[in-house]
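Pasting the structures in now, so scroll down.
Note that subunit A is present in both complexes that follow, paired respectively with subunit B and with subunit C.
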Partner chain A sequence: MRLEKCWFCSSTVYPGHGIQFVRNDAKIFRFCRSKCHKNFKMKRNPRKVKWTKAYRCLHGKDMTQDSTFEFERKRNRPERYDRNVTEQTLKAISLITKIRHERQKKHITERQKQGKTKQRERDAKELEQDIQMLPKKVTLSTQKTKVVVKVSQQQTEENLMEE
Partner chain B sequence: MAAFLRSKCSSVGRTLMGGLGNNLFGAVNSSVETVSRPSHCDPIFQQIRTFIQMRTNLKVVDNSGAKRVMCIQSLRGKKGARLGDTIIGSVKEAQPRGKVKKGDVVYGVVVRAAMKRGRNDGSEIQFDDNAIVLVNNKGELIGTRVFGPVPHELRKKKHLKILALAEHIV
Partner chain C sequence: MGGKCPHRKVKKRRLSHKTARRGKFLVKADDAVYDELVKLADAGKDADATQLPVDEDLPGMGQFYCLHCDRYFASESVKEEHYRSKRHKKRIKQMSGPAPHTQLDAELAAGMGMPDNGLKLMSM
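Coming up: the complex of A and B.
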């Protein structure tokens, strides 16, 4: 089972899906769905269309450099079949995929941190400017009062006896 | 009365009237208008890819001497020919001192078709243009070379010579 990549959006094309367009210079364009095929026919550049993988990688939205991508690289040299190697490979695939997803998640979180900081700054500025709009009674810094309760040794012994 | 008003109003008015009334007159009308408008400036985008039928012009991709052939008969099916089918055509344009000349009635095998064709693996294949290779009535090639990509489905149709001479098999 060969899994191809869509020419336009770079998503995985599973067997039985999509359209294969062959140009007269024998270059093959595979599309995962009609959406990608129509965009190609409209001569749209995938680097400029925001939902494609090409755009996301180009604008730093997705990870571009990672050691996990090396495993996914296409190799045209055939390997001699070995059952043990195949078994280990299949185990490794799931593990590497898991690692890549975790790193991707981390990358996105790191990327969004800057935006959150900026948003916080904006909120603080807005609050500073429009502080007079709040009613007088509302206090911004709510102080938590700590209540200390003293328990004598005698009381604890009585509780234990009851139990 | 309402129908009379609708007929007198402009297209915008009709749409409004249709929207206000219970029937879908305006909605249908507006949808028809949007469909009839050209979807894109590119002529390729507008062109409907269909069967190779009578009066379809095809490009000849071998060195038999013909440049352009017009289909005059499809030898398979009611609708028309598809990828890998044989057709009868009339040579409309030919090179000088070729094996065939203008006006000749020839047989040809469709090696590239712009209409989508389903494959065994469930995917679909589509080419840039409609192209044929000229053969005689026994199915033997007239030319000695085949240019451009050809699909491997021709193996099933027993056109092994075409596959052997092809530049690219896809």
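Coming up: the complex of A and C.
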């Protein structure tokens, strides 16, 4: 049986699941859960609802273009059966799926790097600005360590790194 | 018939007047209106220039029609009045925006490629 995609959230609708609405101009709307069906009846736009795949693709949060997408298409022209091709295809399916998942994971990791970099910069700036607010005991202890450090420069570098 | 039904307690279901029922079943959906506008634009026509079939069941014999709002009017003056209304301007703004969501958009977002329609068959 054919696996369809939900009109609203783009997840897969397996046989025996979901509901289907056929409008009187014969356009079909498939829904995977009542959650999506209710959102559709409330006339919500999938591109504006943050948990849908359409929103995530539109805002660059998920991978949108990859060569592995070409393997999953709606084929409107039947292929002639060939046993060898069928066997090779069945073997290749698991490999293609694995590659696709890895690429999607990599895309998300790459996207989140900027956030971590900015967080680090923000932390450094905060430390620089707010070091004066530390209590005096800590300041005194740092002075003491400075006194000890004057013996040799290498120790100074090590202590700075430790801090 | 009109106004609110006093027996029903759920607010949404108390409405029985014309506007509520029309919006629920009779109005053409956004993507259908959008498709017709695109078709007219490709043909190089304006929405007002199309020749409408004569229909005695419709107001004004079906000659005064607003495509954006999918409504028929009784005369030219009423239609012009409608074109100046806020609702119509809102619809025009909506229709000039991005294309409505379709099943194809959902499939592309889910990670499927464009549909494969195969080779073009020879014309007989």
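Simple rule for what comes next: the second predicted complex is superposed on the first by the 132 of 163 C-alpha atoms of A that agree within 3 Å, B and C clash if a C-alpha of one lies under 4 Å from a C-alpha of the other, contacts with A are read in each partner's own complex, and residues count from 1 in each chain.
Rule of thumb we're sticking to: contacts are C-beta pairs under 8 Å (C-beta built on N, C-alpha and C of every residue); 3 or more make two chains touch, one makes a residue touch a chain.
Nothing here was measured: the structure is a model prediction, and the numbers come from that model.
Once chain A of one complex is fitted onto chain A of the other, the partner contacts of A:23 extend to both subunit B and subunit C.
Looking at the superposition, the partner that touches the larger set of subunit A residues, subunit B or subunit C, turns out to be C. Of the two partner chains placed by the overlay, only subunit C lies in contact with A:54; subunit B stays clear of it.
Of the two partner chains placed by the overlay, only subunit C lies in contact with A:75; subunit B stays clear of it. In the superposed pair of complexes, A:46 makes contact with subunit C only, with no contact to subunit B.
Of the two partner chains placed by superposition, only subunit C is touched by A:6; subunit B is not.
Once the two complexes are overlaid on chain A, the subunit A residues touched by subunit B in the first and by subunit C in the second are 23, 28.
Within the complex formed with subunit A, the residues of subunit B that make contact are 40, 42, 44-45, 112, 116, 119, 121-129, 148-149, 151, 167-168, 170. Partner subunit B is touched in their complex by these residues of subunit A: 13, 15-24, 26, 28, 41-43.
Interface of subunit A with subunit C (complex): residues 5-8, 10-12, 23, 25, 27-30, 45-47, 52-54, 56-57, 62-64, 66, 69-77, 100. The touching residues of subunit C, counted against subunit A in their complex, run 29, 31-32, 98, 101, 103, 105-119.
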